[in-house]
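Listed next: structures, encoded as structure tokens.
Each of the next two complexes has subunit A plus one more chain, namely subunit B in the first and subunit C in the second.
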Partner chain A sequence: MSRVTIPEVEHAYPGSTGCPGCGANLVMRYLLKGLGERTILTIPACCWAVMPGYWPSHCLKVPMVYCAFEATGASLSGIRAALDMKGVEDVTVVGFAGDGGTVDIGLQALSGAAERGTDAIYVMYDNEAYMNTGIQRSGATPWGAWTTTTPVGSSRDYKREPKKDIMSIMEAHGIPYAATVSVAHPEDFVKKAKKAKDARGLKFIHALSPCPPGWKMNPMKTIEIARLAVDTNVFPLYEVENGRLRITKKGKGLPIEDYLSTQGRFRHLTEEEVKRMQESVDSSLKALEEREAREG
Partner chain B sequence: MSRSYEDIPLTPISDTPSTVNMTGLWRVFRPVVDLDKCRKCTLCWKFCPDAAIELVDGKPNIDLRYCKGCGICANECPAECIIMVKEEAE
Partner chain C sequence: MRKVMTGNYASAYGAKAARAEVIPAYPITPQTSIVEKLAEFVSTGELKAKFVPVESEHSAMAACVSASILGARTYTATSSHGLALMHEVLMWASNARLPVVMTNVSRAMAPPWSVWADHMDSVAERDTGWMQFFCESNQEVLDTIIMAYKVCESRGIMLPAMIIEDAFILSHTSEPVDVPDQDTVDSFLPSYDPEIKLEIGKPMGFGSLVRPDQYMEFRYKSMLAMREARDRIVSVEDEFRQAFGRSYGGLLDEYMCDDAEVALVAAGSVAGTVRTVVDKLRAKGMKVGLARIRAFRPFPFQEFQSLAGRVSGMAVLDRSFTHGAAGAFFTEIQGALYDAPKRPAMKNYIAGLGGRDITPDVIEGIFEDILVRCERGSDPEPEWLDVAGLPRRRS
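What follows is the complex of A and B.
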């Protein structure tokens, strides 16, 4: 007897043109397992704009619309409006964008969709830089990381700005459901996708998606590193349902070195800089836990 | 495959599954499974980014036409029954 813990049905064909060990491939796989085949995707410029394969081939079994980089929020609102006109209610509309297309370029369209309360799910798969154009830093790149536009070298010009807190930005719109998910915890992922599907209004899912070439890591460690991100509390898993926060998966509280040492993009950091990152992770976890205790 | 322009839709609409892309050709390391050691935990199937692993009676059957050789299955397997072998080695 097999012990399958997530739906067995596949909504993707093999043969996508994602890199070996790509986290974003897993994000799509788990998301569609949670949402099912009655789903329409809209995808802007991002890794996933390339990954379905070259024309005429396509690796998904659900319909997908390409849109301009900044227009995911507008595009999903348009698809929803068209479905509403046709009286189709059982289709889930999903905007599926990378971190650059969400926190930088697509932010105003997303904010508009949240303000309108469009009934759709917005998924941001976060590989923490503009990966498919060549690892340029984005607003979601963490403090201290190397990218091609924040090169280290002798002047040590690594990224000096902290990661943009997109979850708080989305929450401030008063949306009904927002959650963080990780590819290392697919059961939690599928559960949250189903929950998002059942809520009405704009739902936001933030998925951490390790990128072997961009993070300078071994592709076989994708799941291990995603798991370490949760266990070191760099990427805590929580959900905010109608303004109430709940941490869904407690990290083991491992030191942040365990996570940083697996990736070449953090190799240049000194002990002091690592300590600074540890302090920032500790304080944001404390804020989350305090909020959970207050609201739970 | 060649087609006349009259057969091609005005907007590029995909009509072929990506199974025409033999991504297995990219592979540098090939997963080799020792099925006798398999404990049917299905983790390899769960974590395969390319959905290239099929479960047969709970045990993995890796489709080498599409497996890109990332090695996540070998890294995650608790029974250590999957090893990665360099392609030229055989």
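What follows is the complex of A and C.
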């Protein structure tokens, strides 16, 4: 009997040009396992605009539109409108964008698609900075992180602003489904992809995507670090279905140092700063748990 | 069926006659009544299409591009700042070889704010790989949309087209317009069936990364397509004339130029005024003519060389200005005539920016001036007409 608990079929083949240990490779792989072959992708400028390979190579088993950096939401609406005109209903339309392309330059078009109720899934693979261009800060870079544009020189100009709360922003649009997923929890990931596929309207999936060069981490530890993000409650796994929140995987409540110490981008932080981050993580988790208790 | 309608309604009726299937649109003055009318057509079921109410012009064109990749016939409309915001995505459409058709209601760029006629917005997009058709009348707007789809969707071409109507002068002025019979349009313009489109079960990337040893071939093919479009525009117009009894003169529409001593080159609605001035001056025995730029892209090189061989003076009227150079029509015509066997005396006149009226008086003044230029030779300096503080040229 097979011990594999997720679909064995592959729609993303080896041969992507991603870096060793790239989390985004796995995000794509698990997503397509959940969605199946009748899927159309639209992808803006981001690592995954490069990863399918140079023309005429294409490492995915599904068709893919390349769109302008800020245009993923609009591209989704265009694809869905064309399918509607052709009477095609059984195809899942997916926008697959990085964090910069989502929380920064692509936020307007994404908001438009959500407000229009475009029937599509928007997946943000979040490596917490502009990684394709070489590690510049984005609105999704967490407080305290080093990037090339938040350098830690003598003035310690690390990122001083908190990470933009994209899940709340998307929820505020009244969308039918939003979920966080981790490459360390593929069963949970695939289940959520299937749920998103079955809901009608704009669905949002936030995937934490460890980036070895950007996070200054060991490329062999992608899964371990992704798991630590959940277990330290830095990245809680939950879903919001028609406004009701449910935590889908309890973290172990490990101290945040266990996560931060795996990555060079946090190396400069003082004990005091780490404590501050721990407090922030604790209060975010408390808010989630209280909300779950209210709505559960 | 003859109806009295504005240029904007002519655009909407053109898109409807062409059976546009996906219409993403964002409102901007003075384009709004185009998309309002189309929303109404879709809502009443008169047009079977998806109207996508996007949140910006950038998204309007991005949605057109993606829908077109799936093989849908797409249409949108915009103006001035909306067109400028689309700039990036205009190139996505042309470089992906997608036959998107769009009306641009040509309007001035701010600041200072102006919602009136001016060609700066359209001219600024001349390098985006779109065909550009300037229209003189509301009928021409409607007819050109239908013809544009046929040209754009031709197998060897597959490029987008911009139909340009002047703000308010056409967009909000009513004229009698013949709305062609739908069956005749359907037989003239078959449904869109591209050779390559995105299909489920055919995993392909549309717009993949290419290396320096691959990119130039893509652009070279775009160049060949635009070159081929020159002949195709003329042949499609000929087919259109046979089906509907109307035509507009190809890429460069000449009026009374065969025996003209001087020609005034202009584009858009002002051509109508120029025609009346030509008639008036002809009645006085002056050999003047009009050469109306109908297609700015592809540019009518051969047509201008032919005209240059017949006239001694060529006045070029630009309703826009490229700072640091001159009017765009003027510099491009100059370039086209460099190797012409015979070059006329030339002068550039700048008029009508921000919706300022270009009156018959102003046009008569241009003709008088260019007739003098035939003796004196070309004037290298563009002349700004009817501007406060400058000497007024009046006949």
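To be clear about the criterion, the second predicted complex is superposed on the first by the 294 of 296 C-alpha atoms of A that agree within 3 Å, B and C clash if a C-alpha of one lies under 4 Å from a C-alpha of the other, contacts with A are read in each partner's own complex, and residues count from 1 in each chain.
FYI, a residue touches a chain if its C-beta (ideal position, glycine included) is under 8 Å from a C-beta of that chain, and two chains touch if they have at least 3 such contacts.
Because the structure is a prediction, the values reported are computed rather than measured.
Of the two partner chains placed by superposition, only subunit B is touched by A:219; subunit C is not.
By the touch criterion stated above, A:50 is placed in contact with subunit C alone, subunit B being left untouched.
Within the superposed three-chain model, A:12 lies in touch with subunit B and out of touch with subunit C [touch as defined at top]. When the shared chain is aligned, subunit B and subunit C each come close enough to touch A:58. Within the superposed three-chain model, A:293 lies out of touch with both subunit B and subunit C [touch as defined at top]. Once the two complexes are laid over each other on the shared chain, residue contacts for A:116 go to subunit C alone; subunit B is not touched. Of the two partner chains placed by the overlay, only subunit C lies in contact with A:86; subunit B stays clear of it.
Of the residues of subunit A, those at positions 52-58 touch subunit B in one of the two structures and subunit C in the other. Looking at the complex, you find that subunit A touches subunit B at residues 1-6, 8, 10, 12-23, 25-26, 29, 52-59, 183, 186, 212, 218-224.
The part of subunit C that touches subunit A in the complex is made up of residues 21-22, 24, 48-50, 52-56, 58-60, 62-72, 74, 88-89, 92, 198-211, 214. Contact residues of subunit B toward subunit A in the complex are 12-23, 26-27, 40-42, 45-47, 49-52, 55, 57-58, 63, 65-66, 68-72, 74-76, 84. Within the complex formed with subunit C, the residues of subunit A that make contact are 37-38, 40, 42, 49-50, 52-58, 60-68, 70-71, 73-79, 81-86, 88, 91, 108-109, 111-112, 115-116.
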